[in-house]
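Here chain A shows up in two complexes: once beside chain B, once beside chain C.
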Partner chain A sequence: MTSSAATATAGPRRGRAVGGLLRGMPLLPAVVLLAVFLAGPIAYCVYYAFTDMQLTGASGTHFVGFDNFTRAFGDSDFVNAVVLTLVFVVGSAVVGQNTLGLALAVLMEKATRPVRAVTSTVVIAAWVLPEVVAGYLMYAFFFQQGSLNAILRGLHLPQQNWLYTLPILAVCLANVWRGTAFSMLVYSAALNDVPQELVEAAEVDGAGPWQRLWRVTLPVIRRSVMTNLMLITLQTLSVFGLIYTMTRGGPGNKTETLPVFMYQQAFTSSLIGYGTAVALVLLVVGALFSVVYIRMLKMEED
Partner chain B sequence: MRTRLLAATAIAAVTTVCAATLSGCGSDSGGSSGKTIKVVYQQQLNNSNKVQAGFLGPMVDQFEKANPGTTVKLVPVTASENDYYTKIQLMMRSPATAPDLVYEDTATINSDVAGGYLKPLDTYLNTWQDWASFAAPAKAAMKYAADGKTYGVPDNTDTRGIWYNKQLFAQAGIAVPWQPKTWDDVLTAARTVKAKVPGVAPLNVYTGVAGGEASSMQGFEMLLYGTPAANDSLYDTKQQKWVVGSKGFKDALNFVHTVFSEGLGPSAQQALGANFQAAVGTEMIPQGKLAIDIDGSWMPNNWIRTGPEPWPQWETTMGMAAMPTQSGQGSGKVSMSGGWAWSIPAKAKSPDLAWKFIQFLETKANSAQWNSVNATIAVRTDVATDPAYLKALPTNEFFSALVPDTFYRPGLPAYTQVSSSIQKAMEAVTTGQASVDKAAGTFDSDVKTAVGADKTVQGAQ
Partner chain C sequence: MAVTSSPRAVRVRPEADRQAVGGTRRRRVATGRIAVNASLLVFSALYLVPLLWMLLASVNAHGSFKLTVPSPTGDNFRQILNTDTTYRPMLNGLLMCGGGTLLCVVCSVLAAYPLSRFRSRLRRPFLYTILFSTGLPITAVMIPVYSMFVQVNLIDSMPGTTLFLAAAALPFGIWLMKNFMDGVPLVLEEAARIDGANAMQVLWRIVLPLMWPGVIVVTIFTFIGMWGNFFVPFILLLSPEKLPASVSVFTFLSAHDQTQYGQLSAFSIIYSIPVVMLYLVLARRLGGGFALGGALKG
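This part shows the complex of A and B:
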């Protein structure tokens, strides 16, 4: 009795389930692609981070739990890399690219058309260049016999080997040079959306240019500011080619940010597992920054 | 109607995926079938150095002529030394990219054997008569301690010593021939050069991470193995443990520190650059900008007619001296030896043909030619006594004579990691970023992390 009732109800349900499955079939290729090419590598990376996989020196790969992470937090080089990464992100992205991009956008709005065309071409050119090419150009600019020292010599100012004496400043400046265009474009677009009446009203009320910028324009474009900050922070966190081309993380470990440290652990010291764990930490740092920015955006809305 | 359409789509999707997988697997099996081998070797970043390419090219032609139907594909990997190791290790990981023959530094062979990348050659060697004429120490360096099997056929070895510029020494008023008895003698000579011959780097000791194994071996180990602990200064063979915290280690580090802090070396910025090795051989020495260089027996490679910087005057300009031990103890001399070997990756598709090509490269005549053009020390005993080889380079006799005082690096998988820790410590004292004690302390903790604290032993104070 009970069994026949069960089959009676199961029949249409199974039919519905099969129908649903069939209806879902067209999604299959997309799901497979997503799983294989996007979720797959990430899952692999997470798995490796918990193993002792090596490029050479050991053949087996064993699960080692959180060993790689405890090792990282006890490693003075790792701590050094975290600090340098923060300096690099705050110095070159949050302060450098962001303010310079805003300044350029504001100035360009006031500029004549030819000035605007020339400036944006020059600034964007640096951004369009492939990372390694940009890195090499910056190396040529900063190294001992480079253009910067040639200019200083021409001006009878003291020269120095920038990549050796002030390496982190040199790579920060290089990243500002390369990345400012992005902020400039974002802010140029945002400034177009500032209602002209609002600015004019402020002007009529007697607000100076600084006050207008600080009290009218910035509050209006604050959402763009947040979005821009989030994007450039994430871009800068993962900068590798630029630093590697210019200094290879040296001299010593004075420019060894997390991506460079990760590369050196994985491929120079052959510790793939440890390097992947560092990569995972980098992912977490990026996620933390995003969470902070997103929360700030949310607070604005409430 | 709709279900049929869905089914058709599903079948199409599945077929696409299958086809993609199949073609992915199928592509690498095409064209090999034991008739083609891929041979990987390092092309140095200095693009004008084509010694090995120049040697292998004609060898391949002759081999293909002698074995009709076979193809030998030379795959030069252009990279610095460290990057070369990484690249071949990545290649050997997968059957799709694994070469059939790979040129390995004896320093990385053990590590790569432990990684499961290489194939034991014992079955081949057992039936190869020429193997008997290879020098015993060179053979021993190819043997993996854990299983006693041989994983490579060496084609050269080397020794290390001091090169000095006689003309600069004459200007500095130092008598030649010069043979320092202690480390202090070396430093004294460097100080004299600094005082008397301005604009010249007095002494080069390779240092830093960018220099890779050159820093560890030509730079640091030439000093470290000259301390009283000698062969047990880095790895204690009796206790089978890595040595940490020894006085010898700090002394060697202090030597490096002295050279760079007193300005006796090239500028630290120059010495830490990635292409410094090439610059020493092809620019600084030929241009008379470097007085003393602790370096390898292969240096004339740079200056011979076929080298990157032909410099016929080197034979009269450059003098050689043995590297002294710290205070002249023991035999008073120290040298380090390495070398390169041909190995067959475990995932090679045509190992038999690869072996045939090794045999061809390592005949007496071909080895003699290679050792002569490459200015390396012969590993075949019959080549080592061959007058043609001995006369090929005036330095062959001097550097062959260092063989009794030479040391080999610990043949252990962990060596590569210990070696990178040495380079880090050197770089720290070269830039002055850390004191000798602090850098030695960092080395100790690095080694403990790399090999496990139970595999280390406190060195003599």
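This part shows the complex of A and C:
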């Protein structure tokens, strides 16, 4: 293994490189698809965001630097969209779906088997339905002559035209209705892994149900909580169909979250460049969350 | 301090308490359970209202926003079961989602094999890129995709839309498939290798047969996702005769000022049936492993 070996290794090394390439060949179709249809558009997204491109074509497109962004941050409609997106994500995902999902998972653990089956079937059914159907059903639910007002009338409670008076609340509740199943499934799985002795020990020590949940269960499942929060935030950030079916961003721009605003700017106002700049903002926010999510998974692995 | 000074006393007290009040405690647990069951049932009933409304509206001749049906009718279904309204959009959806799913599953099986089996310096960065892209909001890239498709003349093309759907589903597909493949033991493969089988033969003859359940899960998951996808075909397709059901539901709602809610509900039911069926298959196949547990098995 001295001088003669040194010359001999050159061959196997090249062989290994070729072998490595060959072994990597099955990756090729996936890599090509991803590069053309995902990486390509993202690169385009970054480029277009700095141009004044219009829907009519690329002929009159100029590089405009940060104009789109300065314009966006001075645009009250954009600021409105950012605020609404925040309200939508925090209200419907972080607070709504997350809390409701956890509550359902905790209660279902204590419920009898048939009740558990009924609850999870109903909640999951709302989740499995296509987005547009869910949007339409929620429209019918919150509509002036809809089921919600019918129920309120039956209970002799005040009614209102939800889609006009509180559209963002209606849209948030719609997203909670549609999306809670995911959190419920995540938390049901997580609660299964909580050691029963731990909870019982706390009970013997005199901890009430709230204390047990807050001090024992939640700390044990904190990783699932973080993962769930990340994933539902990412999902909620890009919700378009649900809102568009229910309100089309209206009335006025009261439910115009970033995806809807982006669509309106690019296709209704024909400002592809400006719409893309908004898309880039959305993409960057999504990417940040995605990076945090990966880091958490990495920590879990180590 | 007080606790540590007399640990025994502290530990004994609740023990005695428990024996003394064992009966009331059990009763309290029972009433607690009834309360939990009752509140879950009330909640489920509320949750069910919109779904119930859809079922009722589909057999309601007057198509109003009410939770009552004076005389059930099949008229709504009869009205929509024709080529233009139902069959063609469903077929379009089936072609695009079926083709996209097939492409996505084949590519992810192929990609998962090297990622699962071979060690390489590029493996980890590649996997992290895949995981990263599963989190990206696809909604945000649709405008550049639209501009790109206009430039290469792929706009309003069903194959183009199919390709994009496949690509968008690919990161999650690869990730899931790789995890399923990791569960197939290496030992059998090594034996085949010694007998001279190449990587593709091993993948086809040994690995795949052992991970059919995983492949089916990825297939169903991908298909459900595509079937419900509204934004991608909404942006990339223009001609009404190319639209899949996910978008044609929408044109339904906006086309007529006097929306036929009964017909729309009937259409929504027909459009939703495939994914609901697939989900039931999925839930049954995954059984307890999917945290659904007894949910759908009863």
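By definition in this document, the second predicted complex is superposed on the first by the 251 of 302 C-alpha atoms of A that agree within 3 Å, B and C clash if a C-alpha of one lies under 4 Å from a C-alpha of the other, contacts with A are read in each partner's own complex, and residues count from 1 in each chain.
One rule holds in what follows: a contact is a pair of C-beta atoms (placed from the backbone, for glycine too) under 8 Å apart; a residue touches a chain by one contact, two chains touch by 3 or more.
Computed from a predicted model, the values in this text were never measured in an experiment.
By the document's definition of touching, neither partner reaches A:95: not chain B, not chain C. With both structures placed on the common chain, the touch criterion links A:132 to chain C but leaves chain B unconnected. In the superposition on chain A, A:254 makes contact with chain B only, not with chain C.
A simple residue count on chain A separates chain B from chain C, and the partner touching more is C.
When the two structures are aligned on the shared chain, A:293 is found in touch with chain C, with no touch to chain B.
Of the two partner chains placed by superposition, A:79 touches none, neither chain B nor chain C.
Once the two complexes are laid over each other on the shared chain, residue contacts for A:201 go to neither chain B nor chain C. Contact with both chain B and chain C is seen for A:29 once the two complexes are overlaid on the shared chain.
By the document's definition of touching, of the two partners only chain B reaches A:269; chain C does not. In the superposition on chain A, the residues of chain A touched by chain B in one structure and by chain C in the other are 23, 26, 29, 58, 267.
Note for the complex: chain A touches chain B at residues 22-23, 25-26, 28-29, 32, 54-59, 71, 75-76, 144, 161, 163-164, 248, 250-252, 254, 267-271. Those residues of chain C that touch chain A in the complex are listed here as 14, 32-33, 36-37, 39-41, 43-44, 47-51, 53-54, 57, 64-67, 103, 106-108, 110-111, 113-115, 118, 120, 122, 126, 128, 131-148, 151, 163-164, 166-168, 170-171, 174, 199-200, 203, 224, 227-231, 234-235, 246-247, 249-250, 253, 261, 264, 268, 271-272, 275-276, 279, 290-296, 298. Of all the residues in chain B, the ones that touch chain A in their complex are 3, 6, 9-10, 13, 16-17, 82, 85-86, 89-90, 108, 111-112, 114-117, 208-210, 268-269, 272, 274, 413-414, 416-417, 420, 427-428, 431, 433, 442, 449. Against chain C, in their complex, chain A makes its touches with residues 20, 23-24, 26-27, 29-31, 33-34, 36-38, 40-42, 44-45, 48, 53, 58, 104, 107-108, 110-126, 128-133, 136-138, 140-141, 143, 145-147, 150-151, 177, 185-186, 188-189, 192, 204, 206, 230-231, 234, 237-241, 244-245, 259, 262-263, 266-267, 272, 275-276, 279-280, 282-283, 286-287, 289-291, 293-294, 297.
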